[in-house]
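In the two assemblies presented below, chain A is common to both, partnered first by chain B and then by chain C.
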Partner chain A sequence: MSEPLLKIQNLQVSATRSSAKLPVVDGASLSIERGERVALVGESGSGKSVTCFSAMGLLPESLQVTDGSIRYQGSELTALGAEKLRRLRGPEIAMIYQEPLTSLNPLLTIGAQLKEAAGRAKAGRREILEMLDRVGFADPPRILRQRPHELSGGMRQRVMIAMALVGRPKLLLADEPTTALDVTIQSQVLKLMYDLSYDLDTAVLIVSHDLSVVRKLADTVHVMYAGQVVESGPVKEVLATPRHPYTQALLDSAPHMGDTRDRLESIPGIVPTPDQWDQGCRFRSRCPLATEQCEQRPPKVEEDDRASMCWHIDRLVARQQEAAV
Partner chain B sequence: MTELLQIQDVRKTFGIRSSFLGRKKDLVAVEGISLRIPKGRTLGLVGESGSGKSTLANMVTGMLAPTSGQVLIDGQPVHDQKGKVALRGESGAQIVFQDPYSSLNPRMPVAQLLAEPLKVAPKVLMPEREQRVNELLDQVGLPRSARQKYPHEFSGGQRQRIVIARALARRPRLLVCDEPVSALDVSVQSQILNLLKDLQDELGLTYLFIGHGLESVGFMSDEIAVMYLGRIVEQGPAHQVLADPVHPYTQALISSSEAIPFHAGGTVELTGEIPSPLNPPSGCVFRTRCPLVTDICAEAVPALTPRSESRMAACHRR
Partner chain C sequence: MGTYIAGRLAQMIPTLLLIITIVFLLVYIVGDPVSLMLGEHATPEQVATMREAMGLNDPLLVQYFNYLGSVLTGDFGDSYRYNQAALPLVLDRIPATLTLAIGAILLALVIAIPLGVWAATRRGGVVDSAVSSLSVLAKAMPNFWLGIMLILLFAVVLQWLPVSGSGSWAHLVLPVVALGTGTAAEITRLVRSSMVEILSQDYIRTARGKGLRQRVVVYKHALLNAFVPVTSITILQFSTLLGGALITEVVFSWPGLGQLLVNAVSMRDMAVVQAAVFVIAVMVLALSLISDLLFKAVDRRISLG
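And then the complex of A and B:
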């Protein structure tokens, strides 16, 4: 089997605070094949965005990769110098962010900003206009002359997508790309990302806290909790029959259409902070299935293309079967 | 049944100048809206940004005066003839904001944040104020030890509890919740929604619940009103509207919330964006994005007409 496009193995990212190292991502592993759409879900503080940023070599100075590897097409990114990394960004790996207004320069026209992105990827005006048309602008030459404040949130995010994809990168990293948008615009932008990834054979790593976004767009999902990937597998299977109590709890706590429940299941307590992390399962203080055993490092249980880190998968499955009857 | 909130044919316009010397133009933010909420019930208001939900909420809380029409809380008008706020303290509405990070003063400890509304006339005096702060903390499920802490020491969900406690300080009967959970993590959202439901049962509160996520609005509400470009396009009992929508806009909102994977044929129901309220389409405001549009839609504004005993919708085609 050939090597995947991106392979993150046992990644540890730490914050260095007065000579003490505090891990914020702690042993995360995932891989992305060419053209595959992968989602990273989790709550704030789970380390999902940091994992995504480290693949781009864009960690803030206070954070460092302290262990593990990130391989892109066989070459080790963590060992690459700043200049070589910079050359990868754009033509090979591109990124879109949550807030399109703050990621565009308010003083420059859309055209100038697109040209900069295209130049790095050796694409010309023709490619720029084509891409603007592709992301759904009726009059691309007009958009080139406009500035960010003249566009709506949805249009700005389309510009960001055009900018990211104009160089036809092999991998698109998207950090909560639709969180700031309305539901209807959200589904337009996601569909656009899906279509482009399909047509251009671009792999997508999307970071989101929203399970419905994941369900719409992704083929594979990794669920992160307190710096670790606690469950991975095909989206359809993971969301139908989760193999980790945290995934189950996330699914149960969200209200859904036609909900007739009087109360929602809620996850008691809050996510433990990095200084509270230990060897044991980090979800145990909030888990309905937790026992003393959970104080020991949970095993990684793999089955076909699914994996999860839990001592009590058998009891979780039994509960699901009970609920189904 | 007695209505706690009555909104009677309310209209709100803003004068907008396109340039410094340009001519003033009227932006119609809210047009001819009438709604009622019975005591102890919840009305959910949904719509995209720019639909006028927040303008309507601001008229209920008294922050904006309607251009015409009036808002009554328990039979009393929120604004007097001159457009000044007439209802205060427990007789008016209080609001829970969307973002618990920006709606709490970072330099005030919790005890002071919660006591602040009690210092406004009619003033609540000191020993009683202390007691009320403790009571509020108990009600929203925060420990008494929270009193001396500052907002940054709390997580998003706990901050939203503080915001709710502050809104309850003056013992209002009507609470306007403006997207109270959209800034929170999924697992915390359900805690806050449950808390709001518990408080409603305990204190007999009435809610105007605003959101753009149909799932949470549906979960919270007895009735739902769907807004588009300043108008109500559909209204009725929550479960009926969500299960069997009449208006094509409601239908589109519901299908964008349903998560059908694109690879399994999931589609985008609504193309384009909400038009500018400075330049609204003639006739039905939704016609530029409507899949059922015909000639009549450009000519006449559809009226909000009864569709069954408890439901209303504004559409020529359905």
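And then the complex of A and C:
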């Protein structure tokens, strides 16, 4: 099999303060094939956005990649100089962000900001207008003359999508792209991203805490917990029969259509902070299945195209079968 | 737009009226100029005749409204020292003062913008600390003291530039530096803090995410947004600078409004004092209007009206 479009292996990202270093992402691995839609899901503080930003070379100054590798089309991004990395951004790897309201320069017209992105990929006005039309604007030339404050949140996020895709990148990174939007706008934007990714053959890495977003958009999902990927696999299979107690807990805590439960489950406790991380399973303090064994480093169990890090997959499966009966 | 400007102009009227009133009362408190005008050897009869002729024996309110009436026609009275109308005397001095003030502002901007941006993009580094310390130092030096030091070094010791006076570009250098240094420090600090804040904004991350060069990100996306606060402070500084110009002009014998005003105060040439204060007030008000209009041009989100 040829090399995937993006391959992140054992990524460690740390906050380095003077001589001390505190990892916030610790051994995350995932890969994305061309045109594939991959979701990275987890609670706040699990390191999912940081993983996403490191692939873009856009980590805040306080964070640094301290170990592992990020390969894009065979070249090692962590070893690439700042200038070469900059050239990849835009035409090769583009990004959309969580806050459409603040992610556009308030003083520049939409046209000026789109032109910059298009110019990076040698695209012109025709491509810009075409892309604005594709993201659903009825009157693209008018949008070009407007400034961000004249547009709603949903419109701005569609502008961001147009700006990211106008250069036809091979990979789109989306950091919680629908979190700041109204629920009705959320599904429009997700559908739009799905359709465009399909039509333009753009791979998407979407970061979200929302399983319904993952279900709508992604083919493959990686579940992150406390800086590690604890479970990976095809979305349908992972969400139907999770192989990690954390994924199960996430599912139980989300409402779904036809829900007959009187109350939603919640996961007790909070995500351990990086200074509490050790060799053992990091979910054990909140896990209903935890035993003493969980203080040992959990094994990575792989089966077909699924993988998870847990000592007690058999017990989890038994519980699921029990519940189904 | 036209109605906005008209509205703003109308708002200036009470402010100007207040300033005229305060200056009138100050002059009234300071006492009558008659004895000064007539000299030490005037007889009491001469003083009384003069007072009567100048209307100084009228009740305060009558004097006030007479004064207001003549101010409205542009007549601030005559300077007894120069024996001519006070207002034209003051207006004549404006170009010299403006030259000095604009020169100082330009110098300040030319220094402050690159320095502030440089410090902001290397926050916490050596350059940043050096710029911060230098700007505190520059801000702490009173401009009259700096002016004297500059004269000592460049005019007396090195003899590169003239000590004082006006007439050539060389005469402009030292007063502009003396006046502009403090402003440069002020604006540098402002540019730095604005840029530090702006560079952490989401839209800067977006610009970097597009793969734009650092230069474009900093000078186009960030500096454009710093323009709004920097313009507002620069224009406010311009008003302060007019005040600083008064002292600097005296130090350098620069024939501007400040020198005229300071001399008029010490000679109790009250017609000139009143006219000069009025003109300075009008200039400051005009500057604030200009700054608002500039905002409108830069930032379309500020809707005037």
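Just so it is clear, the second predicted complex is superposed on the first by the 323 of 325 C-alpha atoms of A that agree within 3 Å, B and C clash if a C-alpha of one lies under 4 Å from a C-alpha of the other, contacts with A are read in each partner's own complex, and residues count from 1 in each chain.
Methods note: contacts are C-beta pairs under 8 Å (C-beta built on N, C-alpha and C of every residue); 3 or more make two chains touch, one makes a residue touch a chain.
Source: prediction; values computed, not measured.
Chemist: Which partner chains sit in contact with A:D259 here, chain B, chain C, both or neither? Use first/second/both/neither.
Modeler: So A:D259 only meets chain B here.
Chemist: In the three-chain superposition, say which chain, chain B or chain C, touches more residues of chain A.
Modeler: B
Chemist: Given the touch rule stated above, what does A:L165 touch, chain B (first), chain C (second), both, or neither?
Modeler: Neither partner.
Chemist: Going by the contact rule set out at the top, does A:R147 touch chain B (first), chain C (second), both, or neither?
Modeler: second
Chemist: Given the touch rule stated above, what does A:V235 touch, chain B (first), chain C (second), both, or neither?
Modeler: Touch status of A:V235: first partner only.
Chemist: Mind working out whether A:R87 is in touch with chain B, chain C, both or neither, as first, second, both or neither?
Modeler: Once the two structures are laid over each other on A, A:R87 reaches chain C alone.
Chemist: Between chain B and chain C, whom does A:A307 touch in the aligned arrangement: first, second, both, or neither?
Modeler: neither
Chemist: Have a look at where A:S187 lands relative to chain B and chain C in the superposition and call it first, second, both or neither.
Modeler: A:S187 sits against chain B, while chain C stays out of touch.
Chemist: So chain A touches chain B in one structure and chain C in the other; where do those two contact lists coincide?
Modeler: Dual-contact residues (chain A): none.
Chemist: Okay, in this complex, where on chain A does chain B touch?
Modeler: 43-44, 152-155, 182-188, 190-191, 194-195, 209-213, 215-217, 219, 235-236, 249-250, 253-267, 270
Chemist: Show which residues of chain A lie in contact with chain C when the two form their complex.
Modeler: 56, 58, 86-91, 94-95, 97, 99, 102-108, 116-117, 120, 147, 149, 160, 163
Chemist: Considering only the defined contacts, which chain B positions touch chain A in the complex?
Modeler: That would be residues 48-49, 155-158, 185-191, 193-194, 197, 212-216, 218-219, 239, 242-243, 252-254, 256-263, 266-271, 273 of chain B.
Chemist: Can you list the residues on chain C that touch chain A in the complex?
Modeler: It comes out as residues 201-203, 205-213, 216, 221, 224-225, 298-301.
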